[in-house]
Every structure is written in structure tokens, then in C-alpha cells.
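Letters A, B and C mark the chains in the order given here, with residues in each chain numbered from 1 onward.
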Amino acid sequence: MQKYGTYIKLYIMFQVQNIKSLAQYRTDFLMMVFFTLFSQGCNLGLICIIYSNIPQVGGWTMWEIFLLYGFLLFSEGFINFFFQGAWKITNMIHMAELDRFLVRPVPVGLQLLTAKIDFDGLNKMVIAAAVLAVGFGKCEISWDVKKVILLLVFLAEACIIRVCMIWIASCASFWMEGKKNSLNYFVISLGEMAKYPMVIYPPVFQGIFGYLIPYAFVSFYPVGYLLGKEGTGAGALGIPFFCVLMLAASCMVLRQGLANYESSSY
Amino acid sequence: MKMIEVRNLKKDYRIAKKRTGMMGSLKHLVMPRYETLEAVKGISFQIHEGESVAFLGLNGAGKSTTIKMLTGIMKPSEGTVRIMGKDPFLNRIENARRIGVVFGQKSQLWWDIPVIESFRLLKNIYSIPEEQYTRNMERFGEILGLHDFLSQPARKLSLGQRVRADLAASLLHEPPILFLDEPTIGVDVTAKQKIYEFLRETNSKKKTTILLTSHDMKDLESICQRLLILEKGKILFDDTIDKLLKEYGGEMTLEEIIIRLFEHEADHITG
Amino acid sequence: MKKYLAYIRCGFLEGCAYRSTFITGMLANFIQAVVLYYVWKSIFTYQEAVNGYTWEIMKQYVFVAFLCNSVFSMGFEMNIAERIVKGDIILDLLKPLSYRGMLFFRMLGTAGLEFAATFVLIGSVYLSVNGLQYLSGTRTALFLISLFLGMGVKFCIQYIFSLLCFYTDNSYGVTKAREILTNFFSGALIPLAMFPGVLREIVKYLPFQGIIYTPCCIFIGTFSVEESMISIFLQIVWIVVLGLLGSLLGKKAFGVISMYGG
């Protein structure tokens, strides 16, 4: 138990260092605030435009779609800010920078997760929170303590599942000698699917995004459950299960990957 | 006491066989081909406490690969490695506490933050007691001349400064074993002198076991007693430097002997 | 010219070498097309027509837009950012060639590969969904011209964004922003005709429509031949304007490099 206390302390220390080293990229930060606001505005604008022509998609109103979007954006921002290192694995393997992590008495996973910080994540989390607030305000949900707790748990689970997705995709680099791995970008772009309710897709896609790359558990099932949509109850129950599964898979991939690590730069 | 024990160590790499030209690239796109490269072909040796050993070999002889297996960075394809009785890959974290590593090509310091901050982080990572930390910082600062650049971020250091800082960083937790992979590559003469002096002192006073790879004969002669020559993944020679000099009649310098040795090996293979 | 041909070849080879980047990039675009396809499909089960677009037209639009979007999709912002960080950018600038010309021809080489791959993929999907019934010779010819000019517009925009990488280290953010911006205003996601009043007017005066909306409308036949000609002319105008802007900004950005020097 004490071990984990040390790890948390180290996590905070590493992140504080990251923040310090970012102080010199201030213009960068301001630029990204602008870009992020702008691009998220475009994304939401698209949803508005589609809905300005029609009343609903697959039985979901615009505000309900906003909630799906909020869940996705929040988890993305969360990763950017707290675990941006998951993105850097690919590069670290490519340049054999992993070596220095491997000779330190700290778990490699912890060092990788804290390898980078991206302040843009804060922007995204703030925007996502606003989108969620607006969305929930317009949807008729009878809030009680249980539902508020559920919402927070769902958000946390969404973040975990997505970190694991990027983690696993990035770790594929262990097996791709000399090639650039862009699976992590691919996994992120798959999130596009989860911006709309799963019910509009044919069964094959529902299967893939329900189970193989569990995006359905990031947005569709939690939001559907909170809104009381039909057929999302069982899915919502499955979220913690997928969380654990993804975490286990991430650990396994890292362990197997390290056994396969060749430490040569290309 | 046996600090390092290596038995029948092997490492294979799988490398893509690239073809050239437009057609070649297209072919590779459709059907990539691979071949196996044996980097280390079953070597065995032991190193005892307080020894200082140099790894010598041409490019691609398997020196770095061996070091990477000894430090727990890579998993051996075959054979066993024991660092103070433990497998470094399986007990990576435990092993990391007992070793210090310096890669001449790459810094282990945090790139964007002042060197002193890196040291403080390392103090926490290795849970170094305050007293030990101040004592070592003073000693290192003096011999290696760190004081001039402690407040600079690592990316602004010159190569010589960087290697000195790296050396200090790797010894802050007083590991019983120190690995150095080409530590003086591109470092100027005066900085080299400081590094040699520091390593000799660490080796004799602290009884730190040192294992070093380098292409610089001066490095080897200044720091090490024992020489381990690798050639194409196999051990060609493993004994003291004095013995090697004596074997060749004491007339030739170490450099001449080594060149002779490798040329002979080449004859041996072609003939 | 021979020098530049060498860069086309180089770009082609790069495309092969980084095939996983290229394939995943293409698939990512494809997913977006698939998502839109099903969103529209679900919408059209409730109503016959949206803003003058029927399901029949929409089915074509989604795939043709994807084809236009896929060419030159890789972007070179990240690549340039990497070279700036490593300091290799100086080597590029020291070459006795126009920096932008070099980038363009390298991209053209890669685009050749992209285009071939996308064409096979999307062509077969398009034909299986729509069949041969909507194809016409003149329109297809005009479409190809417009598509090529669209690539020019896209290149100019990417070049301007890539210059931002001289000021920031968040190249992924820049790429993403550029992608979202162009996707939104070029009609990659939704036909510009569906934009509400004011926005529709604004979009008319932006260069982005030339990338996707113009070639798409020409292909589908929502533009008459005369309208098509005017649109193609507009594309050329935009290439000139953006090209000049790029040169201007480029001069400023390259000045930044000296700050990194040493």
C-alpha cells in the first residue's frame, strides 16, 4: 500500500516538473486556447446545422447528442492533461528513449504516462463541462444523489477506457520495428462514431464498436442510461467490466511489449 | 562476491529486408521480408566486486546489446544474466536501485528543467536520504565541476557538461555497479580527464564495480584493469590489459595490439 | 524541373515507407464518411428531402466528398514540426530549391499513391451503392480538373498552417485545427447548401469550398456547366491569393529559425 502512496507522490512530482517546463511555451498555450475553442465550435456547429434541418437522428434530439459529445470531449481533455504521455510511447520506442525509463526504479507505465502534459486538455475539459451542463439543462432528467454519483462514475470510466485504448494502440509500436505507428491517431478518429447513437449503425459496426473497440461504453451506454433510453441498461452495467478488461489488457500489452523491446533507434 | 554473472547469453534481432527503388518499395508494401540477425551469440563471463571491466569491439560487435541486457532494458533471447544474484529483466525495479547507467549518446536528465531539479527528482525517485544527497552533491560538484551549470536546463549544456551531469546523476544513489556505454564520445580532453579521475576514485574508494564500453583506448587504459573483447557477438579475449600487453612482448601499444587482433580475426574468417 | 521530379519520386517512396500512417489516415477519413452515411441514412428514413437534397444525391455526395478529402490528406505540419525540433529544417532551407516547391512535389508524389488507393476503395464502394447511372463524361472531366485545383487550394492552406509550427510545438493541435477548419468550411461533412442563411453567405467568400464542395457539386450535377466554369475560375483565383499570402508569411516564419540556431 505504501508503494502506491510513493507512486502517487512521484506522479505529482513528475507532473509539476512538466508544468514548470511548459512555462516557456506560453504563446503556444494561448494559441491552443484559440484553436481549441474554434475547432470545438465547428464540431458543435456541425451538429447544430444538421439539426436545423431535421428534428432528430435515430430517436435522439440535439441536446442528447451534445451529451454524447461532451462525454467524448471530456475524456479526451482528461487524457491530454493527466496522461498525455500515453501519446508519446510511440515516439519513445522509436527513438529508443525508453532506455532511461527502464534503468530507473519506478514502474515504466508511470514514467510513460507522465512523459508529457498538454494544457490544451484543460480547455477541452472546460468546454466539455459547459456542453454537458447545457445538454443536461435541456434534457429532462430527474436528478437525485444517485444519478449525480453515477454521472461522475461514468465520466471516470469513460476516461479510463479511452486512456487504455490509446495506450494499447501506442504500445503496438513495440512490435512494429522501424515503422511509424499511427494506430493511436486511428483509434482517436474512431471516436467520430461515438458522437452519434449506436442505433443508427448496422449490426456489424455495433458489434465492433460495442466490443472490439469499446467506444459504445465511453459515450452511448452511459448517456443512454442517464437519459433512460431503451436498451442501454445492460450496456451501462457492462461499463465497469470493460474498464477492468481494458486496464488488464493495457498492463499485459506493456509487459509483453517490454519483453519485445529492441532499443534501437531508427 | 560475484556482481555480474552471464551464462550463454544470446540475442537475436528480426530485421526487415528492404529492397531499393520504386518497385522494391512497392514489393515491400505488399510482402515485407525479414531476416534474423544474431547480435550476441552465446557469451559467458563473470565480474566480481570492485572490478573495472572494459568492453571493446568494432561497431556492431554486440557491446551495447550486451549492456542493454545486463541493465534490464532488453530481454535476452536465450541464456541467463544475474546481477547480484537476480535476473535484471524480471526484477527490473529492484535491479535499477543497484545499478547506475550512463549512455554517452543520450541524456537521462530531464531536458527542459534545470539540472539541479533533475537531481532533486532523482533524490525522490531513489529515496536517497538527505544526508547522503548533500554529501554526494558536494563531492560530485567538486570533482566534476558541476557548480557552473547546475541552474541550466539540460538542453543548454555542452556535451562534456552533460556527460558529467549524467555521471553524477547515475551515482547519486551510490549503486554498487556502474554501467557506462561510450561515456566519452565527443567529449573534449579536459572534461575526459575529470571523468577518468572521478571514475578511478569511485572504483577504488567506493569499491564500485565498473563496466564500460568505448572506442577510445585512452578510456580503457585510464579506467579499467580487465578487458573483454567482443567480435561478431562472441568473446575474443577476456583477461587483464597487462596480460594482453605482455602476450605481445610489451613492445606494442594497446591500440596497435587491438588493430592486429581484429585484422587477424578478419584473415581467419576469409582464409 | 528534373529536381522536382525527383521530389515526386521521393514523396511516393515516403508514402510507401510510411504506409501505416497513410492507411490509418485514409481509414480515419473513411470512418468519417461511413458515420455521415449512416447519420444521413437515419435522417432520410424520417423524411424524403432535406433542404433540396434527397437520399439519392446524398449517397453520392458522401462518397465523392470523401474521395476529394482523401487526396493530400496526410498533411505535412507534423513532419515539418519534427524537422524544426530536430533542427533538420535548416537543411531543407539550404537546398537550392524553393522550399514550398519541394513540399508541393513531395506531397504530389504521396498524393499519387493516396489517390490510387482511395480511388480503388471509394470507386468500388460508390459503384456498389450508386451504380453507373449518374456518371457523365463532361462532368467527370470537369470534376477531375476541379479536384486537381482543389488539391492546390488545400496545399496552400496546409502550407500556411505548417508555418505556424515555427511558433508552436503542438503540431498535432495545429494539424487537428486545420483539419477541422477545412472539413467544416469545405463541405466535407455536410453540403454547404445546408448551411443556415448568414453562414452560407460567409462560406461563399472563403477559399475552403474549392477543396471539396466545388468538385462534388460538379460531379453530382448540382452545378450547371456554366456554374462549374465559374467555380473553377474561383479556385484558380484563390490559389493565387493564398499562394502570395503563403510567401509573405513564409518570409516571416523562416526568420524565427535563427532564434533556434546554434
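The criterion applied here is as follows: a contact is a pair of C-beta atoms (placed from the backbone, for glycine too) under 8 Å apart; a residue touches a chain by one contact, two chains touch by 3 or more.
Predicted model, so just to flag it, every value in this text is computed and none were measured.
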{"item": "Middle chain, criterion being Cα centroid separation", "value": "A"}
{"item": "Most distant chain from chain C, judged by the mean position of its C-alpha atoms", "value": "B"}
{"item": "Winner on C-beta contact pairs when A-C is weighed against A-B", "value": "A-C"}
{"item": "Separation of mean Cα positions, chain C and chain B [Å, integer]", "value": "49"}
{"item": "CA centroid of chain A to CA centroid of chain C, Å", "value": "27"}
{"item": "Chain A and chain B, separation of their C-alpha mean positions in angstrom", "value": "39"}
{"item": "Of all residues in chain C, the ones touching two or more other chains", "value": "19"}
{"item": "Chain B-facing residues of chain A, complex", "value": "6, 9-10, 13-14, 17, 20-21, 24, 96-100, 102-108, 177-178, 258-264"}
{"item": "Sites on chain B touched by chain A in the complex", "value": "13-16, 68, 71-75, 89, 92-94, 96-97, 99, 101, 103, 106-108, 110-113, 117, 121, 124-127, 153"}
{"item": "Parts of chain C lying in touch with chain A, wherever the complex brings them together", "value": "18-21, 24-25, 27-28, 31-32, 34-35, 38-39, 41-43, 46-47, 50-51, 164, 167-170, 172-174, 176-177, 180-181, 183-184, 189-190, 194-196, 199"}
{"item": "Residues of chain A touching chain C in the complex", "value": "25, 27-28, 31-32, 35-36, 38-39, 42-43, 45-46, 49-50, 52-58, 87, 118, 120, 176, 179-183, 185-186, 189-190, 192-193, 195-196, 200-202, 205"}
